[in-house]
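Letters A, B, C, D and E name the chains as they come in the text, with residue numbers starting at 1 for each one.
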Amino acid sequence: MSTDLGVTPAPTKAAAAATASVAAVSPLPGVPKPDPILVVDNIVRQFGGMTAVNVPHLEVQRGIITALIGPNGAGKTTFFNLITGFDKPSSAPRLIGGPKSDHAARSMFNGRSVNNMGAAKVAQRGMVRTFQLTKALSRLTVLENMLLGAKDQPGENLFAAVIKPLWAAREREITAQAEDLLQRFKLLEKKNDMAGSLSGGQKKLLEMARALMSEPTMIMLDEPMAGVNPALTQSLLGHIKSLRDEGMTVLFVEHDMHMVRHISDWVVVMAEGKVVAEGPSATVMDDQAVIDAYLGAHHDTDLGDDSLLTDEVAEELAKEVELENRTEGDA
Amino acid sequence: MTPFTQRTRTAGLLSSRRMLAGLLLIGVASLGLMGLGATSASAATATPTTKCVADATTGCIQGTIKQSNGDPAVGVKLTIAGGDAPETLTTDAAGKWGVAITVAGPYTVTLDTTTLPSGETLDPSVTNPATVTGGLGRNTGTIFKLSGSGGSSSGSTSAPTTGDTSAATGGSVTWERFLQQAASGIRLGLLLALASVGLSLIYGTTGLSNFAHGEQVTLGGLLAFVLANQLGLNLFLAAFLTVVVCAATGYFQDALIWKPLRKRGLPNTQLMIVTIGLSIALQYAFQFFIGAKTVRIDKANPVTVEIGPITLSVQSLWAMGIAVAVIILVGLFLLRSRIGRATRAVSDNPSLAAASGIDVDAIIRLVWTASAGLAGLAGVMLGLVLNGVNWQTGLQLLLLMFAAVTLGGLGTAFGALAGAMIIGMVVELTNLVLPGDFKYATALLILILVLLVRPQGIFGRRERIG
Amino acid sequence: MNEFLTTLTAIAASAFSPSTAALAIAAIGLNIHFGYTGLLNMGQAGFMLVGAYAFAISIVAGIPLFPAVLIALVAAAVFALVLGVPTLKLRGDYLAIVTISAAEIVRMIGRSSLLTDITGGSNGLTGQSYRGPFTDLSFLGDGQTTLGPFTYDNTGSNGWWVRLVAWSIVGILCLFVFLLMRSPWGRVLRGIREDEDAIRSLGKNVYAYKMQALILGGTIGALGGIIYVLPASVQADSMGRSMTFFVWTALLLGGAATVFGPVLGSIIFFALRLFVQGIAGQFVPDSIMNGQQAEQFSWILIGVVLMLVVIFRPQGVLGNKKELSFNVN
Amino acid sequence: MVVPTGSPAPVLQATDLVAGYVPGVNILNGCNLDVYPGELIGIIGPNGAGKSTLLKALFGLVSVRSGSVTLKGEDITGFKANRLVQAGVGFVPQNNNVFPSLTIEENLQMGLYLRPRLLSERLDAIFDLFPALADRRTQRAGSLSGGERQSVAMARALMMDPSVLLLDEPSAGLSPVRQDETFIRTRRINKTGVTIVMVEQNARRCLQICDRGYVLDQGRNAYTGTGRELADDPKVIELYLGTLAKDVDAEKDDKPVTIA
Amino acid sequence: SGGGSTATTTSAAASSSYTDAACASGASTDKSLVVGSILPITGSLAYLNPPELAGVGLAVSDINAAGGVDGKDACVLATDSGDSTDLTISTASAQKLIAAKVSVAIGAASSSVSLNVVDSFASAKIVQISPANTSAKLSGYGPFYFRTAPPDSVQGSALGQLITGDGNAKVAFLVFNDSYGTGLRDFTQKSIEASGGTVVYGGKGNGQEFPPGQTTFSSEVTAAKATTPDAIVILAFDETKSIIPELKAQGVDLSKVYLSDGNTADYSKDFEAGTLTSAQGTIPGAYPADEFKGKLVSWYKDTQNAALGDFSYAPEAYDATTLSALAALKAKSTVSADIQAQLAAVSGASGKGTKCKSYAECAPLVTAGTDIQYVGQSGVGPFNSHNEPSSAFIGIYKFDKDNKPVWQSAIEGQTSY
């Protein structure tokens, strides 16, 4: 176990390659990447008068771990919804009265357009996501939850379903795969329990494991580790890294800076719906603007310090939060 | 006691008393009027001079001739030939003519057009002379329709063709008819809204589709029948007592059934089946105690007022007024008051509501009580306005109530109002354009169509994903 | 005692009567809808009615038996399709209202006097007019057979033949549902029941699955409708809201999302009704209630007993209590 | 600051608590908790350890099968939640912690349900603390982002001005600044005399600010001690805290990444 | 067995007390006449049960008072037919009657329900006699299905003639959309049109009937009124109570309203005095049956301990029961199939039988082997080849100031198809 937790393992060859692949990219918002797996243009989403997301151009590099960070309400989840087909951009092309074609929302995944595509189709293309507020399938067992994630199941066809031999082999295969993942996510003992009976953090874990079952080309995790025990988080990060090393692209939203720093090859910062910065994690996280707007002055401080309890500090914090608000605010 | 002191005293009374007095006055006045009408009507049909009674050996050939304005045409001469012997008759004061025959067979009836009242002519559609087949033990007749204008009695040969030529919608569509039906629509809509508010509230707070809600409405109507008609209580008092008793049934229902079940965590689908069971039990309880017949809360005929081309009964107007007032009060209560907000909070998230210091059970108890009370009130008014209640009145309206609630967006009071108005109007106006048979079907179709455009109902809101 | 035996016999007779089988079949269909997929279909009687009408009208029009059954199933499938295309995107409760409304519309159109020539209007279609081809198929021959206390015609309108066919269909359907629901296809349906969005995020075409379930359950419902009218007649009103409620009650009594639940539930539903009536008829003395009151009273009891059964066994006879606890989030 | 045991009576105390959801399955297996007046208690532990269940049991939302909960010496086992709120206990659940169809302002009003007269005054105070919410007071909570919801949930609890506050992962989903702010605010509130019990997965932060910590595992107390003690205990670190933060910090200090 | 009275005794009968003749279990084994009834004890037509049950019960009581069938007392096995919304009730009841091997099944009230059970009875060779079905679908349905209700053609033509005879040229129908309403409407319309009248609302094929369970009638009334009819005909059951006040509220002259057997009833308890004055209606029956009604009321009071206020289809039910007893007597068997063979004969199908009016009067004739024609309470003639009355008397009633129908005259009509 301690090997898993101990000192940061030496970067693997694949990891180094991943880092290197974006090393030459200049850290500017919307910058083109050498080998983008996802390219989106003109993604705008308005709620009433408020613009929640406004991303003119963004590329996600293939085979690396990209973190999407930003203050609360920056539009990260909405952005996820938009590119995975769970929500429709306000700028989506429409039959009548839509935006001009060069202003219309466009997204390319893995070289093919996924514009206006339903969520299920997007997922079939290999872009699989998890939800910030977990969606466990309560009255199914944990194992069944997992099996649902798997692709290419002949038994999911109504006509083949009645005849077990047609799908039994694949079923055995994915069951083994599922048990493997559950083991890793510390859920194996729970495999025959109803998913509804899991704790908050366990549901998060299950959701992530379930998404991995489909062996996606790109996985999009919305705050995967919020509420997950730190010790477990650490071991899971290792797993995510190894997935990257096997070629999977990872895009995740996270507020835990240690984690972002630890595993991400590239960081995209969003605020008030826009991409305000991107670059390698260290660069971005040492950027004073990002620190001011997002990380705050105390993110490295021990909060147990009584000196932090003065009114001045409180005010300072309030100011920081307000700064974040302003960035995020209604402009 | 001087008139002056009397006046001060009345001013101190509840306004409802005054309304009551007013209503009584109108009632008495109209009773008098109606009495007059009745006597004149019976006078018009008094004592025909020729009366034929068909039996085994006699048949009757008979008819009544009326002027185009509906008055009897007196003194018109007719000749009846065939069978025994030709006979000439004159219509009596009621416009009636008739002859007894003892031989079955064809007879010819000829009307002497010269004896028609001045200004009246035979309608062109009438064949004169007319042939009828007389039979023993039956009445046979033919109609000589008169028209007031100078239409010629010449030409027409064939008997009138079947039925009315107007479209399936029946009758002519006039503005008056439209307005009258629209008024009925508004009335039905308002009462439906009142009946559905409770349904909506219960759904809103607990997520339960209460299939026994219709029976709560019926209960209101039947209780009012027992109190007002059977026990002879004053109508307002009866209505008031009914609402109180109905509210109490809501209270005890929650205490005895729903609260314990909530505690045991029964899912809503299961609870829905429980309400179906309750609905069955209540339906048969009504049959058991009251019987299966339609009963009338108020035996008196409706007293009407005319507003332009619209005729509505005073009770309808009262009912509509009360419904509007109550719905607005309930709606505002939900939106503005603290308890109202708590109600919505409970519906959103009961355990968090409890964690906010809300006594969830008390709120739900209140909702059940209010819903049952409102349903009872609606039952009373529906019973009055629809002129009767029986054990399945509420049951028959339940689907419309659900439709109204859904159309407006599940769980909102004003939504129920809007939805009910639409449903009420559609139901009452359908027969202007479609066969009246389909009036409920049309309302349901409209519901489906609206949901296609606005899947969350008119006032409902979409949920956020993720 | 004798009376009691009579009641018991009557209960047993109703337990395997064709209408029980018909209800069971409809409930099996509803089980696919609600039990497994979570579709709140409150219009199962509408599917039955569509099936019954299509079947009877086809036969009256001279179409042979099996094509007529096929037409009925296709009609139900089309009804499901028409209903599903717009409504499967609606939230559950709205779907309930739309389906109950659609079923009522079918009923009202069916009994409309405008269609008297086709549907028989409010009179409906007589059993004689369409039963022939079905009874002709019987290999049981004429005459009566007695099994235990039950004597029925071998073929007849309501004899052993229709019972045999009806219960065979029930058996086949149970097997079919069992095979389907242990498969990954069934798993997807159950997943949809829990959270559509989650399933969508896993790359399954939720809409297509829901449609498949709706059509499958609907055609099974139509089959139930056919069985229901075979020994009787097609009456629009008889497949209205109360029928839907009965199907639901049967399903939940037996246990939703279980293979035999719907069948057991239907049997229990009818048996319970007769049992309560028998008991009430026996123990309520005439001096207190006359025949009519006693009958009504027994129905009050039936309502109450139904409530009690659901209250004390909410998961149904075969259901899994554990599953209930996560119903509310 | 650790309140010496034995001096004043515990304000909130759980003794040998056994509780669970499904009949026959106990999630808490004899859990003990003593909270003294003015203390800030942190509870950490692996996922599924029963931390949320413990809070829910304290708050009467889970049926307690044996053992007892006392508040200020009074046995409150099995009390309805609204009575506890009346007694001054506030609670922020882990999930579903807002009323989605109510607006932000209404959500906050619900926090002060029992004392509506203080409303406008408290509302102003809270909106001062959470200016972001003030701008959006009419937005429905259901449409808020995860972090925004979390703020609303916290604000709602603060509206009640409780004397004992139970927080279930208040920092989850918050941006780093807001996390810091939340922790510091929690401490400040604690210093005003409010007794706080908080469950956290941001364990390091939690142990930094709390007076005493409990580590829960499988429904039992695994470790207890002051925040510092626990944070430095190698066993606790290995099993529950992990070394990620330390590693990353070390990594950052050791070899600052330069852009080529 | 009741110490009842025979039809020949006068209204003193009302004072003697009746007892219920419910069948003991296993009654079928001792070869006594078991009269099964399948009537709407519950459901939406339940208000029709008391008079129909009273008809059956009184008939059995009278039969037993006259010595029973072959010296054995007849008895009643009452079952529920429910309504058409839940046909499983009638299915179960039919099975119960079949299992009990009843001599005859009296019922059902609703044509839909009859259609549901008719095949079951037929295949069990049990005679079913409906006192109330008028649906054309059931006309001549099979050898085991009979009815004593006057066919629509007879009443329809009488009603149509009554309407046109009063000079009403334009007629509006408010019709309940079930087989009763539409069937009667069709024949009434035919008769009206034959006399040169027109139907301006609610006619055949317009889809203006109202379905069962409808609770609001305002738009129908408005629409009917808009066609300015000379007369309005209401063909419905209990709904009439809601329709009449609506007509009144919309200012329709109620003396121009015509009703039929389904709703020509005593409305003195339902409407204000004078409401229906001069409105008219038809009820099958040769003469005003006040004495008969008195007996029904007291039978119901004595055995069911409740008041009987309604008499719809009571005479028909009485006649159905009496006819089957006479047929049993003639067949010297209480087996249903044997009764079936003699029903037409005792109803006077030969046309040469001696007329007799009650079981007490007819039974000795039958025993003596005389050909009879039973002329009962409902005024219907012998069964024709369709097993329904070949003719019927239709009484014409006019409402008085107290909203009670008063007998005016009766006319006899032949069934036509």
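In the analysis below, contacts are C-beta pairs under 8 Å (C-beta built on N, C-alpha and C of every residue); 3 or more make two chains touch, one makes a residue touch a chain.
What you see is a predicted model; the values in this text were computed from it and never measured.
Within the contact network of the assembly, the step distance from chain D to chain E comes to 2.
If each chain is reduced to the average of its C-alpha atoms, the one that sits nearest the average of all protein C-alpha atoms is C. More contacting C-beta pairs link the chains of A-D than the other of the two pairs A-D and C-E. Separating the CA-averaged centres of chain A and chain E is a span of 77 Å.
For this pair, chain B with chain E, the centres built from the Cα atoms lie 28 Å apart. The distance from the centre of chain C to the centre of chain D, with each centre set as the mean of the Cα atoms, comes to 51 Å.
Chain B and chain C, compared by their mean Cα positions, are separated by 34 Å. Counting partner chains per residue, chain C shows two or more touched chains at residues 108, 112-114, 197, 241, 293, 296, 299, 322, 325, 327, 329. Among the residues of chain D, those touching two or more other chains are numbered 21-22, 96, 143.
For chain E, the set of residues touching two or more other chains reads 42, 46, 49, 177, 204-205, 207, 209, 211.
Considering their complex, residues 20, 22, 25-26, 41-42, 46, 49-50, 53, 78, 80, 83-88, 91-92, 95-96, 99, 111-112, 115-120, 122-124, 135-137, 141-142, 177-179, 182, 204-205, 207, 209, 211-212, 303-306 of chain E touch chain C. Interface residues of chain D, counted against chain A in their complex, comprise 21-22, 45-53, 94-95, 129, 131-132, 135, 143-148, 150-151, 169, 172-181, 183-185, 187-188, 191, 201-205, 208-209, 227-228, 238-245, 247-249, 251-252, 256-257, 259-260.
Chain C contributes residues 2-3, 6, 9-10, 13-14, 17, 19, 23, 108, 111-114, 116, 120-124, 126-128, 131, 153, 156-159, 231-233, 235, 237-238, 240-243, 246, 270, 273-274, 286-287, 290-293, 295-296, 299 to its touches with chain E in the complex. Of all residues in chain B, those touching chain C in their complex are 168, 203, 209, 211, 257, 261, 264-270, 272-274, 276-285, 287-288, 399, 402-403, 406, 410, 435, 437-438, 440-441, 444-445, 447-448, 451-452, 455-457, 465-466. Looking at the complex, you find that chain A touches chain D at residues 1-2, 5-8, 23-24, 27, 47, 70-78, 132-133, 186, 190, 197-202, 204-205, 223, 226-234, 237, 255-259, 261-262, 279-283, 294-296, 298-304, 308-309, 313-314, 317-318, 320-322, 324-325, 328-330.
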